[in-house]
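When the chains are written out, they are named A, B, C and D in that same order, and each has its own residue count from 1.
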Amino acid sequence: MNTLLMYSVTGVGLFAIGLLGLIISSHIMRKILSINIMGVGIFMLLIAFAKQNGEIADPLPHAMVLTGIVIAAAGTALALNLMVRLYDMQQKNRGSLDDR
Amino acid sequence: MFKNIDLKYEGDAVQQHSSKIIALLSVGAVLFFLITMLIQHPPYEGGIRPFVENKISVSGVTNPVTAVLLNFRVYDTLLELAVLLIAVIAVLPSVNSNLPTLRILSSQQENLVVFALQRWISPALLVFSGYLLWAGASQPGGAFQAGALLAGGCVLMFQTGSYHLNYTSLFIRIALIIGLMVFVSAALALFITEGNLLQYPENYAGVLILIIESFATFSIAVALAALYSSIISTSNVKSRGR
Amino acid sequence: MIDNLNIATLLPLIVFVPLLVALLVFLVNQEKWQKIINIGFALLQFTIVITITLLFLKANILQSQRYQIGNWGAPLGIDLVVDGFSIVMVSLTGLLTLILTLYSTAYFSESSKGVRFWPLWWLLISGLNALFVSNDAFNIYVALEIIGLAAAALVALQSTREALEAALRYLLVGLLGSLFYLMAIAILYRSHGTLDLIQIAESTDHQLPDQIAIIFITAGLLLKIALFPLHFWLPPAHANAPTPVSAILSALVVKASLYVLIKFWFEVLNESTTVDASQFIGYLGATAILYGSWKAFQATHLKVVIAYSTVAQLGYIFLLFPLSEQAANTGTFTGSASQAAIYFIVAHACAKAAMFLSAGNLILSQGSGEISQLKGIARRQPVNLFVFAIAGVSLIGLPPSAGFIAKWLLLTASIESGQWWWSIVILLGGLMAAMYIAKILHLAFTNVENNIAPHYPEDNYILDTQPQAIHWILTATAIVLALTTLALGINAEFILNMANPTLTGSTL
Amino acid sequence: MMDIAIAFDILLMLGCLALAWVSIFSASLFRCIVFFVCFGLLITIVWAQMGAYDVAIAEGAIGAGITGALLLAAWNRIKPTKRQDSDSIEERR
C-alpha cells in the first residue's frame, strides 16, 4: 500500500465527506464549506497520481489544481456574497413592518 | 437538498427531516465503488511528463508547472482569469463615482496591534510577492500565488476599517481588467504576427510570459481584495441606486 | 496569415471577440457608448459565425481539422475542433447573441442594472462559444464554470428576495454539477494520461474507471441540465431572471451541459454506456415531459409556465438516448435519432427564446406577470400575443413550425428503432403542451367588460413594475425569432445537412 | 526510517479526514469556519509533502487565506448582533 494510493483514498474520502455534508447539512454556509471540501478531495486525487514513479511529477495535474483552486475561491466568494445579500434582504423584510 | 435556503443562525448542524440514513448509504456506495476502482486500476504512467520534458526548453521558463500553466495550456489560464473577473463583476456595488478612488479615514479607536502589524508586514508582503512572481519562472511560484499574497496584504489593510477603495472608480476598474486585457491583446497580437493564437516566438517567450504574469498578478490581487471588501462593508453593497 | 481563410483561423475569434467586448463594456459605462459597442460587436460576432458555418458547409467534412492553440499538439496543448453538432450550436449562439443583444439594449436602456449586465452577458457568450468548440476535457470544465457563474450572477441581477434565493440555489447546483464533472475528468486522466477527447475516445477500454467516469459525468450534467428529478432549481431561476437572461438561459445555457453530455455519451465513452442505462434516461425524459407539462398547466405566473415548459421540452431531447442506442455504435453522433435531437434543440431554442421575449413584453406592458391579469391582453398587445402564439405552436409541434419537424423526426426515429412506446409519450406531451398554451390564449382573448386597472395580488411571485410602453425593438426582435421558427419549419434540410454532413460513414 | 515517513503520512491523512468531518458537522458556525481554515493549512502541508510546492503556496494563500477571510467576513455579517443597527465598523448614514 504505497503512500500515493493512500492519498488517493483520502482524497476520495474527502469527496465523500463533502458530498454527505452537502446533502444533509442545514445552513447554507455549511453547504458552501462542503463544496470546498469536495473540491479539495478531487485535487488530492489529482495530485496523488501525479508523482507515480521517479522524481519529477507530471505537471498537468498541478496546473489543473492551481486553476481549480482559484475557480473554487471565485465560486465561494460569489456564493457568500449572494448569501449575505439574501440575509440582509430577509432581515430588512422581518425588521421593517410592511411586508412588501 | 437545496430546496429551502436556510439562514437561521441557531439551527442545528443537520436538517431534521432529511433522511440521513439514505444519504449515508448512497454516499457510502459511491465511496466503495471509487475505492475499489482506485485499488484495482493503477494510474497511467507519466501522463504528459515526457512531452513537457522535451518541449520545456522552448517554452521560455524552466519550472514545468509554470510552463504548462502559462505556455502549453495558456488558454485555460486565460479563461480562468475570466472566471475570477465574473465573480468580481457580480459582487461589485453599483456605480457611485462621487467617491474618491482611495478614501483614508483616520478611524477613531487606535487599534495599536493591527496598525503595528500593518506597518511591519505590508512592505515585506509586497517584496515577497514580487519575489514569488519573479521566481515563478524557475522555482515554485507564479502569478496566482503572488496575487493571492498581495490580496492578503490588502485584507490586512482593510482590517482597521480606515482604508476604503471605491471599486467603481475608473482606476480600480482598469486595474481589475488589466490582467485579462493584456492577455487577450497579447493573444490577438500573436494571432496576427505568428498566425497561431498564443504561440510565443521562441526567444521572447520568457519575457512575454513575465509581462503577462505581472499584469495578471496585479489584477488578481485587486480582484480578490474586491471580493473580500464587497462582503465586509454594508455601505458598499447597499448603494443608493437600488 | 489571414489570407488562408479556413475555419481554423476564425475559430478562436468567436471566443476572444466577446471577451474583448466584455472588457470594453466594463470600462465604458456611458449609456451611449455602450449601446454602440454592443450592437457593433454583436453584428461582428454574427458575421464571424456565419462565415465559419458557410466554410464548414463548403468543406463538407465530418470534422474540421484541429486548431492547436500555441501549436503544441493534443496531449500537451489544447485543441479546438468543430464537428456537425457543434457548428449548429455555434451558429445558434451567434443568431441568439445578435437578437438578444438588440433586445437587451432596449430592455436595459434606462435602468441602472445595465452597467453590471453587459460585461456578464458578453462573458457568458464567450463561455458558451468556448464550450462548443473545445476538444479538451479540462477546458470544457473551465467553460462550464464560466457559464455557471455568469448565469447565476445574471439571475441575481434584479436583487429581489426571490431572485437572490433562486440565484444562490442555481449557483450551488452549478458548482456541485461541475465538481462531479471534475471528478470524472480526474478519473479519466488517471487512467488514460491525456485530456484530449479524441485521444480518450481511442484509448477507452470500458473498464471500471470509464464506467465510473461516465456515471459521474451523467449525474453532474443531469443536475446542470435540470432533467426531471433534478429540475427543482430551474423554474425559480428562469422565472426571476430579467427577460433576455431567462431567454438565453432556457435556449442555450441549459443546452451547453446537454451538448457536453451528448459528446461524452455518444462520442468519447460510447461503449461504456449500457442499453438499460439509456433506457432509464429515456424514462426520466418521459416523466419530465408529463410532469413539466402538468406543472406548467398549474402555474399561475406567466414566466413560471414557460420555465416548466422548458423542463418538459428537455424531456423530449432525452428520448434521444434510448432511441439512438442501437442505431449506430460508430464513434460519431449520427443516425436519425441524433438528427431529431439536434433539430429539437434548435427548434426549442428559437421557440422558447421567442416565447420568453414576448412574455417579457406582455409583463412589461401589463405590469404584473400573473396569468389572471392577462384578460383581454389581445386587444392591448396584439403583436406580442401573436408571437407568443407562434412560439406556442412550435412547442406543441403543429405543422408549419420547426417543432413539428423535430417531433416528426423523433416519431419516425422511435418507430424505426421499434420502441413504439416513446411515440405515445411524444404525442401525449404535445397534447399537454397544447393545454397550457391554450389556457393562456383563452384568457388573453376574453374581453374584459369594465377595463379595471390590474390589481396586484399580495403574494406576487416577482416584484412587478408599473405598466410601461413597449419599445419597438422589443417587439421587433420577438417577431424575428418567431419568423425563424417558422422558416426552420419550412426548409428543414438546412439544419439537417449542417448537423450531419452526408459523407461515407467514416468513423472517428 | 521509512516507517516514520509513512507514519507521518498516515497522521496527515487521518487529520485531514477528521478536520473535514468536524468543519462541516460541528455545532456552531464559527467553529466550522475556524476548523475549515485549519483544514486549509493542513492541506497545504499535505501538498508540500506530496511534492506539489506550487500548489502548496497557492492553497496556503488562496485556500486557507483568502477563502478563510471571506468566510469569517460573511459569518460576521450573518451572526445575530444584540442591537441590529449598531454596526461599529461601518458609519451608517
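Observations on the model:
Simple rule for what comes next: a residue touches a chain if its C-beta (ideal position, glycine included) is under 8 Å from a C-beta of that chain, and two chains touch if they have at least 3 such contacts.
In this text, all values refer to a predicted model and were calculated from it rather than measured experimentally.
Seen from the Cα centre of chain C, the chain whose own Cα centre is farthest off is D. Taking A-B and A-C together, the chain pair joined by more C-beta contacts is A-B.
Annotation: 15 Å between the Cα-based centres of chain A and chain B. We define each chain's centre as the mean of its Cα atoms; on that basis chain B and chain C are separated by 29 Å.
If you average the CA atoms of chain A and of chain D, the two centres end up 11 Å from each other. Looking at chain A, one finds that residues 13, 15, 22, 25, 27-28, 30-32, 49-50, 57, 60-62, 66-67, 69-71, 73-75, 77-78, 80-81, 83-88, 90 touch two or more other chains. Along chain D, residues 24-25, 29, 54, 58, 62, 66, 70, 73-74, 77-78 each make contact with two or more other chains.
Under the contact definition stated at the top, the residues of chain B that touch 2 or more other chains are 2, 5, 7, 9, 12-14, 34, 43, 45-48, 52, 65, 73, 76, 80, 83, 86-87, 90, 142, 144, 224, 227-228, 231, 234. Listed by label, the pairs of touching chains are A-B, A-C, A-D, B-C, B-D.
Of all the residues in chain A, the ones that touch chain B in their complex are 5, 8-9, 12-13, 15-16, 19-20, 22-28, 30-31, 49-50, 52-53, 56-63, 66-67, 69-71, 73-75, 77-78, 80-81, 83-88, 90.
Of all residues in chain A, only 15, 22, 28, 31-32, 35, 38-39, 42, 45-46, 49, 60-61, 64, 67-68, 71, 74-75, 78-79, 82-83, 85-86, 89-90, 93, 99-100 touch chain C in the complex they form. Only residues 2-3, 5, 33-34, 36-37, 40-41, 43-48, 51-52, 55, 71-76, 79-80, 82-83, 85-87, 89-90, 92, 94-95, 170, 173-174, 176-177, 180-181, 184, 187-188, 191-192, 194-200, 241-242 of chain B touch chain C when the two sit together in their complex.
Across the complex, chain B is touched by residues 24-27, 29, 53-54, 56-58, 61-62, 65-66, 69-70, 73-74, 76-80, 87, 89-93 of chain D.
On the chain A side of its complex with chain D, the touching residues are 3-4, 6-7, 10, 13-14, 17-18, 21, 25, 27, 29-30, 32-34, 36-37, 40, 43-44, 47-48, 50-51, 57, 62, 65-66, 69-70, 72-73, 76-77, 80-81, 83-84, 87-88, 91, 95.
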